[in-house]
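These notes open a run of structures that come right after.
Two complexes follow with subunit A in common, the first pairing it with subunit B and the second with subunit C.
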Partner chain A sequence: MSVEDPYALLDKWLNAQELLVVGKDVTRVDAFQKAVGKAYFTEDYLLKEALFVKQVLSPYPHARILSYDVRKALDIPGVKAVITAKDIPGVNQVGYALPDQPLLAEGKVRYVGEVVALVVAEDYDTAFKGVESVEVKYEELPYLLDPLEAMNRNDILIHEEIGSNIAFKTKVVKGDVNEGFAKSDVIVENEYRTHHQDHIYLEPEAALAIPDMEGRITIICSTQYPHLTRDIASKVLGLPSSYVKIITPYVGGGFGGKDDEGPLVAAKAALAAYLTGRPSFLMYSREESIAIHPKREATVIKYKSGASKDGRLQAIDVKIIHDTGAYANRGPFILWRATVHASGPYEVPNARVEGFAVYTNKVYQGSFRGFGNPGIQFAAESQMDLLAEKLGLDPIDFRLKNILKEGSTTITSQKLDHSVGVGEALRKVAEASDWWRKRREYSLDTGRFRRGIGVGVAWHGISTSRGVPDWSNAYVKIEKDGSVTAYTGIVEMGQGAPTSAHVQIISELLGIPPTKVKVIFGTTDAPDTGATHASRGSSIGGIGVLIAAAKLRERLAKLASEILNVTPEEIMFKDGRVYSKKDPNLYIEWKDLIKEAISKGVELSATGYFFLPKGKFDDVRGQGFAYPAFSYMVVISEVEVDVETGVVKVLKVWPALAAGRILNPQQVEGQLEGAAVQGLGYALMENLVFDGKGRVVNPDLTDYVIPTIRDVPEIQKPIYVEDLFKYGPFGAKGVGELALIPMPASVANAVSHALKTRVTSLPLTPERVLELIRSSR
Partner chain B sequence: MKRVVRFKLNGEYVEAEVEPNELLINLLRDKLHLTGTKYVCGIGECGACTVLIDGKPVLSCITLAVDVNGKEVVTVEGVSKDGLTPVQEALMEEGAIQCGYCLPGFVVMGEYLLKERMEVSEEELREALRGNLCRCTGYVNIVKAFKKAFEKRGLKS
Partner chain C sequence: MLTKIPEFNFLKATSVDEALRLIATHSNYKLLAGGTDLLMDLRIGRYKPEVVIDISKVMELKYIKDLGDKIAIGSLTTLQEVLESPVVRGKAPVLVEAVSNMASWQIRNMATLGGNLCNASPAADTAPPLMVLNASLKLRSLSKGERVVNVNEFFLGPRQTVLEKGEMLTEVEIPYVKDAGQSYLKLGRRNAFTLSIVSVASLVKVEDGRFKEVRVALNSVAPTPVRARSVEQALIGKEVSYEAVVKASNEVIHDISPISDVRASAEYRRKVSIVLVRDSILKSLSGLGINVR
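Right after this comes the complex of A and B.
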């Protein structure tokens, strides 16, 4: 086997002892620029000569477009162009999973806020006037807002070509559920509902398209997957992909939302630039952002589960309905993820799970941290509490009897051969929170303020669902002065993958300080690294960086061993020096070694490519290989409920994570805290409200409320179980989404404990809590 | 009708021609090229556009540019003119920096609080910062950083 074999390199570093940089609280390299206000985001690159793009939006939930009249708008001095579907030079089709979605409405509009036309003008005010002057004639059509109604009606079709309002179906069938329920001594059946959530990334969507830079169209934009953004923009423009370049500077938060919307914003700005020949800038206002971009899906989940007296789960029968809104977008992938995670992280011998993504005339659903999983884990974990209660078992003791471990099989019959630390995480965090005592003690509360403690346990498959191909790729080169430049398609959107994890990996392997490492991120000039989503930036994204840097290290170790006359195995790289482990006096300075390498013809650049090995998945039965590994998260929440006002206060939160190697504890902690609070907002206060026409009535930060610094609980230091993943960089799995996923379940279970009545829908606003208290009396 | 405003910006006198309805955030970003101040909500709910006017925090997205005539304005760029402030240092050390979009607002508030008060309880701190939204950090490390900045200053004095 070659010393540059990727499997060998991954394995070597998986088992490395005495890491110097990885695993430490290294300050991320972008912290300074951000602290002084000198980190540039898309809007900060705005050119003086740029034209402004404004969007004409549909006022109707469902209508046929009869005609456009753009003459009045074009007569306004300063309006340069009005662009509608017919002006698109390439293909007006941007659906991710299904080909159901135009970039600019064509023939029909399907939700209030759908983009019908673009007005391009010399300045913002003129573009705004232009938008008001575009006349579109519509014929209103009957519309559907409720997914349960929509899935049963064929007289109103949101997409006629499909012949039904069900966009997509999924299924998992394992064992025999009837047999499973026959073996069950207790059975629980409930319907759960979750709602839409807006990402509220602080930076609104933005793109600046510049024609003719480097002989191609360059788009500076806020997105999560530069290569996909390029492919969509070039398809719309009718250009080869290589003629479009994407630069994604610092992104002011993404959380999945810019994975869906980013490419569309880029394509619209590119269209304006291409058709006018001028740099063109499009930025959404907050109100437009909330009205237009995809949301976390609303769900209806019917869940039946059974267990035997010995505390063993016997069967689950689950029906998941996702309100997919006007377009499928990534809905099918989201539904798949919810479907294969429906059991929660437990062994279930018999399972039937059916999923339906249903079209309605509302803003469509899309990627959001957790990707279909928070809703289903809320349902699954509520069921676990109810079963435990019926069995007379403590909720955590019951979970531990069924928890996944090495050798377990999932509901897709995938055998988990390694990296399953969830049981240990659950045990440890239960002890840390003094769970058993509090669970008993709080049950006795009777006054106005009732305390409760609840647990949420979640699993989250790493990489893409089922056998969908996934890979890592990066390019690393050592410069003549010994500094290192790395290229990755991963973006920096707050999570710090390229500005902390990737920097640390290179610094560790080459023994140079982080300040000598520059990671160029978010560019299509890097190899396609896949998207910065699915908690994959540091983990999957880091594999390529590790392999490339490890290849360079092997080459330099060989050269150094020749120079120092020792074996390559004893060569160490540390603090800018390369030396023999046996005799540190035998050394060569890093800088001098690089000079030697250049004079002796050692190649100082390398690509790191890794194609994740996956197994087969049968889509019809939903059985087979689902993910290369899972990350696991446990959150215990302590709440206090005011039974007179209905106000829920989350007092304390205990997180525990089993996500393999922790590359940077400080950064991981930041991810867990941020995700926990985003999940808390979802569980308690965030709520998108639609009127009778499917219009969002609260599209601003006055009426769409997110947690402030006053709303956050005391979050305890996370417990880490480092259940190494054999293909991860140093064994790391994904972290970014994890703490959000069990948060709604954890809070709902704590409130249910406090009120001694079951929460089945979110958010737990004071109104809903009071209603719950009233209905339980 | 355009008007001329003259004011002190980050220690230097500047002059600009503005529309009567022009917002301060746009004057700062588009004409004076100080892009540290960020647009997020446009209606004064999030604090990302906070600047100091005559030493007091003001939301530049709901302030007219004509209103700063004859006044002194300090932005995030001005705050760190003479090196990092204790709040900036602490934010970096405590891992309180993620995407960074809300950060200019927090940094400006930090400058204000450090000048305004000798010490601050956690309750007062949270009250003072409740108008600054952050969607990445969950605020945990931001609170830690602000506390640390105040402690450090206490040691110096």
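Right after this comes the complex of A and C.
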């Protein structure tokens, strides 16, 4: 085994006895620039000579495009181009999971807001005028808005070529559910509904495409996966991938939305730049952003579950329907995630889960923090409370009887051999919140203001699902003066992966201060690192950084050992000095060691490629290896409900996380708080409203409300259970999405407790809460 | 959906006289005070004025004066200035309560008291408190000079007021009210920076254990901000009791005509209007040291 074997390096650092930088509250390197408003985002790179791109949107939910008349628009002085599908030099196909989606509408439009044409002009207002002058003739077609209706109709087809409105199906079958229900002493059956959610990132979508003399294009854009963005843009342009370069500056929030929309925005700006030969800038208004870009899927979940008197789950039978909207996008992956997580983090011997992603004529669904999981965990956790009640058990005691632990098998029959800290997290947070006392005491409330306490427990598979390939990489080089530059495709969108975790990893391994480390992030100049999504930026993205830095350290330790005449094993790297652990007086300054390396021919650059090992998965039965590991999250929420107005106040929230090593507690706390508030907004107030034609009625921040700081509850210090994951950097699993996932369940269970009636649909607006109270009387 | 901002001529006035002359000579104009409503309204195509007249630098309309028996507030005084004024806080706390719930610090530093009234949104947050305070509005034009209108007569419909062409609001006068309890309650979709579903302002005076004066006003439940005259009538002269307040609050449904919109249904607005009217009156009473239950 070579000393540069990635498994050996990961293992060595997983089991490191003492860590100097990792695991500490290290201030991220971009904190100051962002605090004082000096950080640059895409729009800040706008060039004076750039053309402005604006989009012509479909006013119909479903219509055939009969003709375009762009003459009037082109007659406007300053309008440089009007681009429609036929002008695309490459391939007009950007479907992510299925080849069902054009970049610019072709033949048909399938939702109000679908992009039909681009107008390119000298300035913003002229582009706007151009958009208003493009004439598109449509033939309106009958349309479908309700997924339950759409899945049962074949007379109206949103995608004729598929022959049905069901875009995708999934299935998990384990054991025999009929037998399981026969063994059950209590059975609960319910239908749950969750709704769309918009990401409302501070920075709307933006891209600036700059053509160069050699026919290449550089795109500065707000995206979550530079390499995918490049691949899509080059495919649309018909250029080799290597002709397109992506630079992702600081991103003003992504939450998954820019994983889907980012590449499309870049491709549209690139198209304008390519066809006009001028730098071209496209930025969505908030209204366009809400109307056009994919949303968290709306769901209908039918859930039946049974347990025996001894408090053990026996069976679940679940049907998940995702309203996928006009296009499949990442819907199949989202549906897979919901399907394999349908049990919640519990042992269930018999399971049948079926998933359907259904087309409707609405803005399509896509990636959003939690990725199909918050909806299904809401249903699963509601069922757990109902079963506990029927069994006469406390909800947490009941969960603890069934919770996953080392050696458990999941509903895909995957055996969890390590890194399962959820039980400990649940026990600890229950104690910290004084759960059992409050649960009894609040049940006695009878006045206008009723308190409730609820729990949500969630699991979230790390890496891509099933056998879908996933890898990490990074390129790290040591400069002549001893400073270090690292290249990663991971982006910085507020979470701090490249500006804290990656910096810390390099600082830890090479013994130099964070100020000497520069991580160049979000660029296609780095090796493909995969996307910054799925809670993977710091963790899986960090593996490549760790391995590359560890390789350099091994080489330098060997060199230092030769110089100091000691064994490589006793070499330490700390505070800019390399020395013997046994005799710290035997040392060489880091800078001098680098000089030695250059003069002696030791390579000072390395890549950190790592391909995540995965097992087999049978897609037909939905059985097998689903994920290399799971992160776990518990949130306990305390609420107060005003039964006269229906207003729900979330008073306190207790988070507990089992996500392996906490690389930076301060950063993780920030992620947990942000995700909890985003989840609380989803549970209580955020609501996309559609009219009878599938048009979003509230595409603005006046009427799409998200929480303000005054809506934020007291969020307690998180409890961390560091259940190390053998393939994570230092054992880290992934955090970004976690606190959002159980939040709807946690709040809904708390409100259900307060009102002594079951919440089955979200959001819990005051009006819906009053209806719930009335219907329970 | 946003549209292109319409083209218009932009004129700037630096004095009241200049502003009055400009609005006398143009017919299709809009006044720009803080711009926090107007700019959005232009973007969504609500107005297509030929002329926008910027009065934001008419400094003579930015003041808060304590006149001994009333407070005079220049119409271009910002909401943040109203909020921070010790005079307003002392004499018209219900207005401060309402403004403190409005928008964000950034918006309050631009938006003006006059702008909030003249925009005449059914959800205007400064209207209910000024209505229960019985404020007077000074309106001026070149042709008619100055006239005074009670704020309770100012609103005619959504974005419609008694202001005539060529006329502008110059001052809001709030008479002192002695020995009155006042309160403002707002129910929105979140706790800050949001339009109300319903808001209620109330002002009560009590003498010998009886309601001597009761004024209640609401927003977002009718085409204009409205007084709840039925509730007021039901209480004046009555002995102060929890039951009386509860009973009278139910009367509010005769004063309002809410619609259903993206914020809430008419049904919900009717229900919570009753609750908020009751809560607001009880809170005003407790401001007088009277706690009934």
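Simple rule for what comes next: the second predicted complex is superposed on the first by the 774 of 777 C-alpha atoms of A that agree within 3 Å, B and C clash if a C-alpha of one lies under 4 Å from a C-alpha of the other, contacts with A are read in each partner's own complex, and residues count from 1 in each chain.
Criterion: a contact is a pair of C-beta atoms (placed from the backbone, for glycine too) under 8 Å apart; a residue touches a chain by one contact, two chains touch by 3 or more.
All values derive from a computational prediction rather than experimental measurement.
By the document's definition of touching, of the two partners only subunit C reaches A:A291; subunit B does not. Once the two complexes are overlaid on the shared chain, A:G494 sits against subunit B while remaining clear of subunit C.
When the two structures are aligned on the shared chain, A:Y40 is found in touch with subunit B, with no touch to subunit C. Touching more residues of subunit A than its counterpart among subunit B and subunit C is B. Once the two complexes are laid over each other on the shared chain, residue contacts for A:R710 go to subunit B and to subunit C alike. Of the two partner chains, subunit B and subunit C are each touched by A:T702. When the two structures are aligned on the shared chain, A:E737 is found in touch with neither subunit B nor subunit C. In the superposed model, A:A31 makes contact with subunit B only, not with subunit C. Residues 285, 702, 706-710 of subunit A lie at the contact with subunit B in one complex and at the contact with subunit C in the other.
Subunit B makes touch with subunit A in their complex at residues 29-30, 35-43, 45-46, 48, 75-77, 80, 84, 88, 91-93, 95-104, 107, 126-127, 129-143. Those residues of subunit A that touch subunit B in the complex are listed here as 25, 27-28, 30-41, 43-44, 46, 199-204, 250-253, 255, 285-286, 493-496, 666-667, 669-670, 673-678, 700-702, 706-710, 712, 715.
Remark: subunit A residues 125, 128-129, 132, 285, 287-288, 291, 644-647, 685, 689, 697-699, 702-703, 705-711, 765-767, 770 touch subunit C in the complex. Every residue of subunit C that touches subunit A in the complex is listed here, in rising order: 1-5, 187, 189-195, 197, 262-265, 268, 271-272, 275-276.
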